[in-house]
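Shared between the two complexes below is chain A, which pairs with chain B and chain C, respectively.
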Partner chain A sequence: MKGSLGRLARIFLTYSIKMTTLLLAVSVISFALVSESPVDPVQQYILGLGTAVSPEQREQIEDYWGVDEPPAERYIHWLSELLQGNLGESLLYRRPVADIIGERFLNSLALMLCAWVLSGGIGFTLGCIMGMYQGQWPDKILKRICYIISSVPTFWLGLVLLLVFSVWLGWFPIGFSSPVGVLEEEVTIWQRLYHLILPAFTLSLLSFVNIALHTRQKLADVLNSEYVLFARARGEGPWTILRRHGLRNILLPAVTLQFASFAELFGGSVLAENVFSYPGLGSAVSAAGLNSDVPLLLGITLFSTLFVCVGNMIANLLYGIIDPQIQEVSL
Partner chain B sequence: MEQKKETLLEIHDLSISFRMYHQGLEQKELQVISDLYLTIYPGEIVAVAGSSGSGKSLLASAILGLLPGNATVHGHLHYQGQELTPERQRRLRGREIALVPQSVAYLDPLMKIGPQTDGHEKSRSPERRRQLFARFGLPEETEGLYPFQLSGGMARRVLVSTALLTDARLVIADEPTPGMSLDQALEALGMFREMADEGRAVILITHDIDLAFEFADRVAVFYGGTTVETAPASDFKKGPEALRHPYSKALWSALPQNGFHPIPGFQPYPGDLPEGCLFAPRCPLKTAECTAAVPPVQEIRGGEVRCYHGT
Partner chain C sequence: MRLGNRRKKLILLTVVMALIFIAIYAFGILIPEEEIAGSFLEARRPPSPSHPFGTDALGRDLLLRTFKGLSVSLTVGFAASAVSAVIAILVGIGAAAGARWVDGVMNWVIDLVMGVPHTILIILISFSAGRGLKGLLIGIAATHWCSLARLIRGEVLQLQSQPYIAVSRKLGKSSGWILVHHLLPHLLPQFFVGLILMLPHAILHEASISFLGFGLPPEQPAIGIILSESMGYLSAGLWWPALLPGLTLVLLVLLVDNLGEQLQKLLDPSSAQE
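So, the complex of A and B:
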């Protein structure tokens, strides 16, 4: 037990080092890209003020923002603020970036978690069905559906769902995370869930196909293995084989893939949130991009890097817990 | 050999071919087993000997009905006097007919040995398995290990245990002894002997010919996917004069303790089988009729041989 705790600590430490260096690299690259881009934060700031500014005032502002300093100096300045927990202030929302990220992330997390569970559940189940009926009609039909869904863009699918379920059928709200005209404090959890269903479903469509097709292939490999041949020789029927050997052997790759899909999920949430006007990180990042809100953009970039990294780290840690071969070897 | 009336398993004129893609989309039937015969009586161990590629392992799959989908089977398989249909194979395997597979690859890599050995039928208590493991010299903690933690010899003993735990009337053991120490191999074969003496039967597919001769009642010699001879095991101990087929004699002479004398040539490949007798190209007794047609099975001195010149 002590050994495995020590091992966990070691893995954790290695990951922290890796993650820190990655975050540093991402911060350098994104900072450099923003510095080189035609985005002018000063102009944006002034526009946001809503009043006219004299050239002297503008100079003052430029001085305050350090426009004339060399980029390296500005980067170091920004980084040192960042390390103290100051992500700066959003030009668009006029609030600290950290607050916006925190608030938006909760919304996004709810959405992504729902989509993640849905896509994992649906994908794994469909994958198992396809694998069991490989080459037969259930497999053929489901495979076609998977191919169609994976070749359709998410935002378009989102629009279609919105059109059918919200506009024509009126089953679900058109957008937002809570009803319009209701105070934040009065919104119930059911109302939030109700607003979540359609965007979450759209988002899950993005990644369940991947998991389904992958699971199908893995299951097919397992069913062709020698140990399944022996299981059949011992009189095990197809469903017993799935229960005793199939699930056990395909769970690990499916779980890994599921956690690795964090990145896709995050990318997909940008589109889904925009289509459904859902106030999450995804819609914030596109708003920040379109409105040249540099502090918010950089903040979200770093945050999403962290988010995806954590997903991958969880997948790697789970590997060791689920797969006894890896567990024993590393002990 | 005393003639028993009731056979447990009878195989006549068994042929197996695989549909393969030959060149591009052109399909080709690849004949891997041709005109094979084998009869098993209750209470006996029949050793199946022959070089690699002579169709020994395929025979096991054919009896159990576990050939891949692109295989075509012709011929007759009878179990306890009734035809062995695919439906019947499904019902019998694991219960009436048990397999001892070749290697650790036949064990689920992510399942612990204990539950894996017990199998999927819940009624089985671990007690009998523990006794069996003890007899095989497998340490108690083996049941908590995963297959990758076993040595080759341990894995074989576990595989043999899976079959011994069933009440199968017919056990097909595919190379059960390599990797075991002599003592363990003797123990395993001794258990097969006990099973046979209880009225069950064992097909022992093996390369350990010496051990097989010691424990088996009869030996079937396979060559190029067919049976060339079946003979009482005692004939193999007597020497080549007691054997009937020129290949059996050659096999005997090729054993290390009998002089290690190889004969020239090699076993024909599937898809490139000679006309007539499969052994004719290498046979010292070859005549014109050998290459004209496959020789029929003849009974000579209590054994069966597929040769025009069998003695």
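So, the complex of A and C:
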């Protein structure tokens, strides 16, 4: 066991170093991209103030922000503030970016977690069914459905679900994470869940295909092996074989794959949140981009990268656990 | 004999799908701009024989707008995929055939691009280019090459261990000669199949980024724009601007995806004998 722990620690260490270099590179690239933008941040700030600004005041603001400094100097200034935990102030919401990210991430996390668990569950179950009936009609039908779903854009699926369940049937609310006109403290957990169902369902339909097809392949490999043939010869039924030989071999790879899919999950949540006007990070990032809110845009970009990296790191650690070579070392 | 028939059927199917694809594209391109400009008298009409997809809030015919939008999406998607596929083949060959450190750097860059959610990266690039077509093209081209590059890298690594390449090398052929005469002919089918399989993703990304408001300008008849406009009328019961253009997009993506798979079956040497 000790050897395996040591190896895991090594994976953890190398990945942490890699993650730091990746985050640094993302910060440089995104900063360069944002400073390339033709949008004038001072003009945006003044527009946001809503009052007239004299040329002298404008000069003062420019001086305070250091607009005329070379980009490299500005970058280093921004990075040193960033390392002290100061992400700047959002132009759009007039509040510290860190606060907005923290608050909205909780909303997004609830949404993404639901979708993540749901898509994992649906995908794994369907994958098992497809693998069990490989080549027969349930497999063929489900495979076709999987291919069709992977061609459907998330936001359109969201629109259709919204149309059917909210507008026509009236079962679900049109948007937002809580009822309109109710105080924040009075919103119950059930109301929150109720508002979460449609966006979470939309988001999970996006990602279950991957896991289903992967599980199908893995299970097919297991069922074609000689030990399963022997188990059949002993008289084990198909469900016993799935329980005894299948699940043990395919569950961890599926979980690993699920952790490695954080990037698609986050990308999908941007679209789903915009369709359902759900107040999470995804709707904040598009609002930030459309209103030229540079600090918020940079903050969310870095945060989403961190989020994806953490997912990849967990996937890598899990790979370390399921890799048979490690188990040989530990024996 | 039977096998030959199956292959013929496959080729026929591919040709028919390619023709449908070209027909949709040509139909979209040939629609003149004036046809789309509608009149307010005909605003918000549900689907009828004269307007099969109905009309939008400004009285524009949605069928024409949808197909015009599809042709725009296809152009953007094709251009971006082509650039992306070229990047992929350069990176793939560079990583596999170059020095060890080149491989390391390429892998790091791939991890970097995969590490940022694509939607966010395209939003950033589009923001940097001041929104519009240019940012959209660069954004989609910059995010779609990773998996094809990895595939090509693996392919080149495998090819390089083949005996005939070793023989070629022993005969004193230069790396450039081997690249042109041995590697590229092998990679060309991969390249085209990769390109066509990339196209649906590029089209879907184009639509979603335009939907978010970072892609094409609002006056352009793009699918993303139509759907984003339709959101405002959804609660008023206008179902056709949301449902029909999106469904057409899905069908087009399915068609392109299927076309890519048939081509893969036709071009892949391991299944060419079937």
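The working rule: the second predicted complex is superposed on the first by the 306 of 331 C-alpha atoms of A that agree within 3 Å, B and C clash if a C-alpha of one lies under 4 Å from a C-alpha of the other, contacts with A are read in each partner's own complex, and residues count from 1 in each chain.
Just so we're on the same page, contacts are C-beta pairs under 8 Å (C-beta built on N, C-alpha and C of every residue); 3 or more make two chains touch, one makes a residue touch a chain.
These numbers come from a predicted model, not from an experiment.
Asker: Spot which of chain B and chain C makes contact with more residues of chain A, would you?
Answerer: With both complexes superposed on chain A, more residues of chain A are touched by C.
Asker: Would you sort A:244 into first (chain B), second (chain C), both or neither based on which partner it touches?
Answerer: first
Asker: Which partner does A:91 contact after superposing on A: first (chain B), second (chain C), both, neither?
Answerer: In the superposed model, A:91 contacts neither chain B nor chain C.
Asker: Check the residue A:312 against both partner chains and state whether it touches chain B (first), chain C (second), both, or neither.
Answerer: A:312 sits against chain C, while chain B stays out of touch.
Asker: Report for A:147: first if it touches chain B alone, second if chain C alone, otherwise both or neither.
Answerer: A:147 contacts chain C only, not chain B.
Asker: Enumerate the contact residues on chain A facing chain B in the complex.
Answerer: 225-227, 229-236, 240, 244-245, 248-249, 323-325, 328
Asker: For chain A, which residues count as touching chain C in their complex?
Answerer: 18, 21-22, 25-26, 30, 33-34, 36-39, 147-148, 151-156, 159-160, 162-163, 167-168, 174, 263-264, 266-268, 270-271, 274-275, 285-286, 289-290, 292, 297, 300-301, 304-305, 308-309, 312
Asker: If you look only at chain C, which of its residues touch chain A in the complex?
Answerer: These residues of chain C touch chain A: 108, 111-112, 114-120, 123-130, 200, 204, 207-208, 211-214, 227, 230-231, 234-235, 237, 239, 242-243, 246, 249-250, 253-254, 257.
Asker: Of all residues in chain B, which touch chain A in the complex?
Answerer: Its residues touching chain A are 64, 66, 90, 93-95, 98-99, 101, 103, 105-111, 119-121, 146, 148-149, 162, 166.
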